[in-house]
Amino acid sequence: MAMSKFEYVKQFERDDSCLPNCWIVVRIDGRSFSKFSAAHQFIKPNDAAALELMNRAAITVMEDFREIVLAFGQSDEYSFVFRKDTQLFKRRASKLMSNVNSLFTSSYVFHWPRIMGNKELRYPPSFDARVVLYPTDKNLRDYLSWRQADVHVNNLYNTCFWNLVLKRQMTSAQAGEKLKGTLSSHKNELLFQEFGINYNDEPASFRKDDIIGDRFWKENHEVIGLKSLATYQRLTATNNSTSNTVPTPIHYINNISPSSKGNQLNSIRDDSHTEGNRVLNREIMQCNPTNSEQLHNK
Amino acid sequence: MAMSKFEYVKQFERDDSCLPNCWIVVRIDGRSFSKFSAAHQFIKPNDAAALELMNRAAITVMEDFREIVLAFGQSDEYSFVFRKDTQLFKRRASKLMSNVNSLFTSSYVFHWPRIMGNKELRYPPSFDARVVLYPTDKNLRDYLSWRQADVHVNNLYNTCFWNLVLKRQMTSAQAGEKLKGTLSSHKNELLFQEFGINYNDEPASFRKDDIIGDRFWKENHEVIGLKSLATYQRLTATNNSTSNTVPTPIHYINNISPSSKGNQLNSIRDDSHTEGNRVLNREIMQCNPTNSEQLHNK
Amino acid sequence: MAMSKFEYVKQFERDDSCLPNCWIVVRIDGRSFSKFSAAHQFIKPNDAAALELMNRAAITVMEDFREIVLAFGQSDEYSFVFRKDTQLFKRRASKLMSNVNSLFTSSYVFHWPRIMGNKELRYPPSFDARVVLYPTDKNLRDYLSWRQADVHVNNLYNTCFWNLVLKRQMTSAQAGEKLKGTLSSHKNELLFQEFGINYNDEPASFRKDDIIGDRFWKENHEVIGLKSLATYQRLTATNNSTSNTVPTPIHYINNISPSSKGNQLNSIRDDSHTEGNRVLNREIMQCNPTNSEQLHNK
Amino acid sequence: MAMSKFEYVKQFERDDSCLPNCWIVVRIDGRSFSKFSAAHQFIKPNDAAALELMNRAAITVMEDFREIVLAFGQSDEYSFVFRKDTQLFKRRASKLMSNVNSLFTSSYVFHWPRIMGNKELRYPPSFDARVVLYPTDKNLRDYLSWRQADVHVNNLYNTCFWNLVLKRQMTSAQAGEKLKGTLSSHKNELLFQEFGINYNDEPASFRKDDIIGDRFWKENHEVIGLKSLATYQRLTATNNSTSNTVPTPIHYINNISPSSKGNQLNSIRDDSHTEGNRVLNREIMQCNPTNSEQLHNK
């Protein structure tokens, strides 16, 4: 009785369902992770364990939400791509975004002790989330390429930055000042001249995850169901050679067979054998807490 | 260079800032908490520790987001009310919702070991979130009253349900069948006749949190800045006596002095002395995992 | 001074810009046109002059808004398709919709005296409008096919209805009752048996405007810039033969040469010579005022 | 059959219903009216007949849509305020906006011959439209005050501008240059010094429509149902005396009695006797076509 008197307030909720036939991307992003990584003494520029924890959290999300066809992570962010025709939560943006984000966060804290060893979690970390829609396959590929290019930009910067700080005893301000306005070529030169590092000699394992080039999409076309990429323009040779050197993006792909199309989410399947397929490349990913906010313009 | 080629994809993000001069409510809600509470053997109908954990997570959120003026929880859900004029995250719905939800989730897992004792967390729990706008103070009060009335409906049901299951050895199906279609009066009668329980004799501590009545708002009007409640209609005597018996809603209020109005969020203040004021009533809240979905119509 | 005190109210306007890279369809629809057509004694089932007036209004809109690549009309409605990459009014839905709708309405009243002859306009007619986004070419084609199929369904119904009313002296209620629940085959049979009309013998001019089939899109692919229709599935032979009989949809195409792509809107061009190309098929369109609302389920 | 195959495209329409319990303002605005008023040789700065035509169109809208409680016009724009609790068109923004705008446009063209006399309408004019929501009475009053202050700013400018052009034979560019950056006080001085015009001596009829001050709202509080204006701050004396001199805003009020609350729209009522009440002040409104775009920053 009292209930019905107040129930009208439900009408203030708005329908935020996503436009049909668009790729739905949920991107999550660490909140104040510069502070968080400093407080937990993450190794610079890349902390293998911390990245493993990010990946572990992403895998948990993908195991739960089978409608996610691809996940791509770098640093303190992760992008999850839902299939175009997903009907999960009636495509409501809030539901998709908050469920993915909450489970990712929960898993990050849950798996901390096992992956981070004796390092104690000092306070609860958090992530924000957003939903972005992409109408075409090309738009989606460009989105992923944008995130991968961001990996490269950030990692090159961070490699320089932390070499300057750790080996030249510069302050953060000094290192930042030295790198201000430099181009990629300058940074490559700096690494080679001052530290004897050939950035193109990064381990082969770092180069596997090129999702800008065509090869990745050709090899995985059945899995993610991106059907018509014929119109996609190949990147120039220069770009390709550059992107080959990009280290440490991580992606995961949900192995959705054509016959499972239209199935209910969370269908119970024996994944023990397919794990190897689903998680294609599980490599170390770079971590760039210090300058992520300035570079990402978040 | 490669960056700029792909950067156009940022334009696909939509502006989702909330209409100015409206109350912003973020409500979070446990996902599959029936299963979660069963898996972790929560005491029925109310598990004091599990509720304490919910409250601890809510307090963490309020300590971080000072623009939240009120939080109200029940069972596996929590509502957070941002001040009408908050400019936090430029009022972007996604940012507000995801940050609150993620920090809540993170804190829930983070504090589990301390509060839940030896009970091991078996898998990462998660919560969804939504944003709802309320243009007037009356709409906001009615929203909170709606949630409180929901507490009463659920708790009365659960008290009956679990007494039937635990003391009469009924199955869930049998207990559900017996309660199907019963009114509140029937349930009160059932508790009295079959179990000797007078539902109105619940401990006084359970009755403190009446946010439907006027008294709460009069006593706290400066704190939350709800200025003009003159038009609000008092509930009937019948409703009031009913609502007095509602157990275990929990609310917290951020102690925002008038002079702090317009301050930046997260201003550093010495909160050690005000904790007692800010957290007004910290009581046990009911937990109704088994029927929450059917009753909430989530 | 007084101005600045109140100017904050501008912040309550919401950004309603359309998602990039989607087709933008503005559909307008006569308000209470059953009453309007009765008040102005439109000939049933199709009033050539009234339809000419609709077309004249649509042409005015297309001459003004050169970013519209296609318009398709039937009865008292018209759909206008903006190119996917239009930046007109920054893609703001309100601006696009209201400008098209207002100019259409204005032109309808403006041209009434010339086209409708001595028939006096008794009161101002009006149209509503909406914006719908379609991510892919296939979605857009299906939208247009949906409208064309609607033409067929309505026109067949109306041809039966008005023959019953005008030649059998039935009341509207009686004619409606007789047609209730009948299939297309029933209606074809009724026309043939009772009135000697072979619906498939409609004049060839009525069959030109088939926008469901592939031919239309092949012949006009440069004009409207729909590039990749390879995945489109041909309709079955049955459907094709049916759609051939559909009378009187009208479409117009803005003759946008590839070189003009990316040009500013409203570029001044000498249209006197291209009129013949731009307005491909200018035929009589059916008008079904009496049952439009019930059929359209508006 | 073919119909059902395509009908899925309806799902791409989005729900755009307005947040409950907010004032809904539809503002329409002439498109390229500088050009339109020049092409039709409107008298400067104010063309009585052209303004009468605007008002006639607004009255048509209000007679049709009884849920509009107030309309306020100036120059080539008009604002229509729907009651907070209107359920018209299920509060869908597109429907409300397009219907109001289309009927206004239609009526403008329809009534042109009668009101504009021998002056021929050379081409169809059009208006755009937008919807803005205001949560509180104060926000709505401030919106209307904003529009009224705009009247004053524009009219003072135009009075100066056209006196310079018509009496000093300046070009538009010269007059604009002379007025560039001048304050209100400068413009008042200019009118007095150069043309002997005391702007404060405008006819009393021009001063009747002060909707910034409290008096208007007190006198009309029953009519429009704005209940709680107690918190509204009176303008300063300076502002009041200024606003008293504002000429020629026009407003209309729909006389909605309390008992009619909740009635269907378009209920048939005998309005012949209430016309005098409903249209309170029907005065000449200023017209400022030449600089409207620059001032409104449209």
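For this structure, a couple of remarks:
As written, the chain order gives the labels A, B, C and D, with residue 1 at the start of each chain.
Heads up, the rule we're going with is that a residue touches a chain if its C-beta (ideal position, glycine included) is under 8 Å from a C-beta of that chain, and two chains touch if they have at least 3 such contacts.
These are the chains along with the protein names UniProt gives them: A, B, C, D = Probable tRNA(His) guanylyltransferase.
This is a predicted model, so every value here is computed, not measured.
The chains that touch subunit C as well as subunit D are A, B.
The most distant chain from subunit D is A, comparing centres defined as mean Cα coordinates.
Set side by side, A-C and A-B show the greater C-beta contact count at A-B.
Taking the mean of the C-alpha atoms as each chain's centre, subunit A and subunit D sit 51 Å apart.
Inter-chain centre distance (subunit A to subunit C, centres taken as mean C-alpha positions): 45 Å. Centroids of subunit A and subunit B (each the mean of its C-alpha atoms) stand 32 Å apart. In subunit D, the residues touching two or more other chains are 8, 12, 14, 19-21, 133, 139.
Looking at the complex, you find that subunit D touches subunit A at residues 8, 11-12, 14-15, 19-21. Within the complex, the subunit A residues that touch subunit C are 19-22, 133, 135-136, 139, 227-228, 230-231. For subunit B in complex with subunit A, the residues that touch the partner chain are 1-3, 5-10, 12-14, 28, 31, 60, 93-95, 97-99, 101-103, 105-111, 121, 123-134, 139, 142-143, 145-146, 149-150, 152-153, 184, 212, 235, 239, 242-243.
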